[in-house]
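Just so it is clear, A, B, C and D label the chains in written order, and each chain counts residues from 1 on its own.
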Amino acid sequence: MKNIYLDNAATTPVAPEVIKVMEPYFNIYYGNPSSVHTPGQDAARAVSEAREKVAELIGARDEREIIFTSGGTEADNLAIKGVAMSLQDRGKHIITSSVEHHAVLHTCEYLEKYLGFDVTYLPVDEKGFVDPSKVEEAIREDTILISIMLANNEIGTIQPVKEIAKIANEHDIYFHTDAVQAIGQIPVDVEKLGVDLLSLSGHKFNGPKGVGALYIRKGVKLAPQMSGGAQERRRRAGTENVPGIVGLGKAAEMAAHNLEEKRLKLKKLRDKLINGIENEIDEVYLNGPRGEDRLPNNVNFCFRYIEGESILLNLDMMGIAGSSGSACTSGSLDPSHVLLAIGRPHEIAHGSLRLTLGYNNTEEEVDYVLEVLPGIIKKLRAMSPLFDS
Amino acid sequence: MKNIYLDNAATTPVAPEVIKVMEPYFNIYYGNPSSVHTPGQDAARAVSEAREKVAELIGARDEREIIFTSGGTEADNLAIKGVAMSLQDRGKHIITSSVEHHAVLHTCEYLEKYLGFDVTYLPVDEKGFVDPSKVEEAIREDTILISIMLANNEIGTIQPVKEIAKIANEHDIYFHTDAVQAIGQIPVDVEKLGVDLLSLSGHKFNGPKGVGALYIRKGVKLAPQMSGGAQERRRRAGTENVPGIVGLGKAAEMAAHNLEEKRLKLKKLRDKLINGIENEIDEVYLNGPRGEDRLPNNVNFCFRYIEGESILLNLDMMGIAGSSGSACTSGSLDPSHVLLAIGRPHEIAHGSLRLTLGYNNTEEEVDYVLEVLPGIIKKLRAMSPLFDS
Amino acid sequence: MYSEKVMEHFNNPRNVGEIKDADAVGEVGNPVCGDIIKLYLKIKDDTIEDIKFKTFGCGAAVATSSMVTELVKGKKIDEALKVSKETVAEALDGLPSNKMHCSNLAADALHKAIKSYNKKDNSDNSGKENDTLDKATS
Amino acid sequence: MYSEKVMEHFNNPRNVGEIKDADAVGEVGNPVCGDIIKLYLKIKDDTIEDIKFKTFGCGAAVATSSMVTELVKGKKIDEALKVSKETVAEALDGLPSNKMHCSNLAADALHKAIKSYNKKDNSDNSGKENDTLDKATS
């Protein structure tokens, strides 16, 4: 049985090098980094080294701008609720896009529901791009935050974040970007991008699950959302997940080192997949853009007349792990909000397949997918009441 | 150089059995539990088994009452903010005690500061006990939550939670208990205690850092504090920390199994330490109660005329890791709020030492501590301007 | 996620296809997810002689379609009407809670097909049993 | 947390103790943490011939006390007055940011002791240099 993992946007295997550096922190250097004694200080040093590595990966000037969290979701929540809480007296308006991850969208909805905020959800074009001029138009007197993702987790669209950050900056509005999918795939530099806050998550780039980070530019005001001890410069309470943080640090170091090589490799595999599917199967629609504006690891198609889960289950039987959109909404039955936002009609949006590559996928694996996928689509279409064979 | 770890209330080494079960989830069963494919479903099954084990440890009737979090702090925040958010229309008054962990106290302060809540911080007696009748007196029309910890992290006082929960229940008020220090030390049963919400944290009982759980009794209304994906029955968004959760499950299983043996062993070592210190050193004051109402692993003394950090550094030089209070406030310079609450004057509160035992401490280690501690205290007192030799 | 039984039916769905000269056809759309099931029945002497389905839907939708066809093939139509979504879910060793609504699809399509057949039948023949049937399918 | 230098001084503090017939004594309490440092000076010809300390405080408090005594022993008192908290922290290869205030303690105690000595000295002898000294210790 094959074992081809093409769901690297959902999560990735932890790299062996990362596991190795984490191990001693479970039961050798197991101290609490807040403790005064040697075991505690050993742990504190490890946390601080990891912080430097993450800072370096994203070009932060000062490692104290990095706050460790339990993942991308917490980083998004902390960024948005944190700014909202601390600036609510200045204004209660936030601008975001309709294709953000639910960690951003539902956080915005929370602020609307519980705290009387007003949120503008900007539309996107048919490739998933946010128009910077629309961002500028949406700015109001009481806008306190703009949050636009760096790259989309479903269709791989890389947003013009630099331009949008510039607009935010000119209007003296904090700018947050969810870079969870971009990190480890494309170069990310907080200074060049000009962002004030940036979220990332370890398990999306071969680091461990349950750990992430929020970059907070020096001087940005932010209320903590986790109240308690004095950890993380009082911005995130809770005993540090030391092995996780150490693992995130190593993953960051590796990502910085391998970026270009990985990017080129995946882009080649990606384009082979895209071309192969378009050549082999009729009535398929690529979701998201082509070329440089697309994440190098992302392939996403709609297959007319059939439903996504059926494709996944069939692929799974052939040893191929794919997804039909974002993993964390797979419990939901609604078609993807991203596919609807780029204008796919309901029944076409329902027939989507996302294949996302990782650093250890091979060309042979891609060939195998291209070999079995057409048959699966054919079989499912034959079963579809919408398809006229 | 000795290596005697007596700071198990700050954190514990991960048990080898726990590390072993976690390992395959880093890069063999690394799927995202929300994914439809086999790797995802393997992970989902592991999470669900861990959930059953945690439920069993605390006597929850239904494993769906367990929500995994990133630790004890998040569990406390979720319980308190979650209830506050969802019941704020019914009332904005919360009752807690002055000796709670900062994860509870600062969460309450957050609600006061940002959301107009009113919080009653009940005093405690000189052993650290909350008086249930004071809880009843503090109840108002608009009280929506009572939160009293099961056992104190600094001085080991085990609170009369069962009686307090009964009072809360009679008044139809949700009752939360922070059981982070109690789990794995004393029997904890949510049904017998009659609590509605209970927090626990993996790294306090030889599980991994960065993972904890909140027990939420069926029917309890609670707004999520982490917005995003549909994980954890929509009560806690974010990709699950699968290895961490699996480790927590194993730690729970082991804790359930070893509880009585560990309790008796630690109690013996604890009392040996307490008696030894009281016999060997003058002007020492035991903080917290004696006997059954004290956590079996907790020893906490004030040494008159000297300051806590100096004791710790000296112990550390002798290879002994202790603490002067709770780890996560060690950055702070204020004396412990718990010691002040039990009536210790400022300069005595500043001279505290907490030694907390773990399952692998030995009698020889205790003997060694009793051998070196008197000399350290003597040396420091000789240096103290307050001490008249 | 899915039981082995569900996966087995999903992988080897019974009675996929159309019946060109069907005596009855039932098509329903799932109001929750928008997916669609279409059932084709060949009925003779109030007996379902043949049944086929086409489904645009999730794994549960395919498996329940397949299971329904198997459960009612060869049965009298009033027997077939006793097949409810619970019957189907049980026969498949259960369905995930968020997929229970999918099992409505197949049972509803069956009931709709039989109802339309009875209507047609009634206008051709007599009206007996119509009341009971209406109740059963409501 | 602490530099090696801090730990070295903490472990082997120089000049611990009292001077019974001290010419000057300076005691300060830390307003942030409530800890206390007491310095005893033996002064002859405006030179600090001997100095000892007693400290109730954290590791930083002990190490800075020890360092201060070492820095000023044998120095002229107007030289000694140039020792500031920054001097002490630097000589110890830095202190954690939340412990910077602790280094005030030792320097303050030193300045206080010398000031009180000068006051006493002035009432005995003449008043010269008093103004400058007051400025330096304010």
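In this section, contacts are C-beta pairs under 8 Å (C-beta built on N, C-alpha and C of every residue); 3 or more make two chains touch, one makes a residue touch a chain.
Predicted model only: the values in this text are computed from it and were never measured.
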Would you mind checking which chain's C-alpha centre is most distant from the centre of chain B?
-> C
Distance-wise, how many Å sit between the C-alpha centres of chain A and chain C, to the nearest whole number?
-> 41
Between chain A and chain B, tell me the centre distance in angstrom, where each centre is the average of that chain's C-alpha atoms.
-> 33
Averaged-CA centre spacing for the pair chain D and chain C, given as whole angstrom = 92
Would you please write down the residue numbers of chain D that are in contact with two or more other chains?
-> none
So which bits of chain A are touching at least two other chains?
-> 36, 309, 313, 331
Okay, what are all the chain pairs that touch?
-> A-B, A-C, A-D, B-C, B-D
Would you tell me which residues of chain C are touching chain B in their complex?
-> 1
Show which residues of chain D lie in contact with chain B when the two form their complex.
-> 7, 10-11, 13, 16, 27, 32-38, 54-59, 61-62, 98, 101
Complex contacts: residues of chain A adjacent to chain D = 36, 41, 44
What residues on chain A touch chain C, complex-wise?
-> 305-307, 309-310, 313, 317, 331, 333-335, 346-347, 350, 382-386
For the complex, which residues does chain A have touching chain B?
-> 5, 7, 10-16, 19, 23, 26-27, 30-32, 34-40, 70-74, 76-77, 85, 101-103, 106-107, 109-110, 114, 201, 203, 208-211, 223, 225-231, 237-244, 309, 312-313, 315-316, 320-324, 326-332
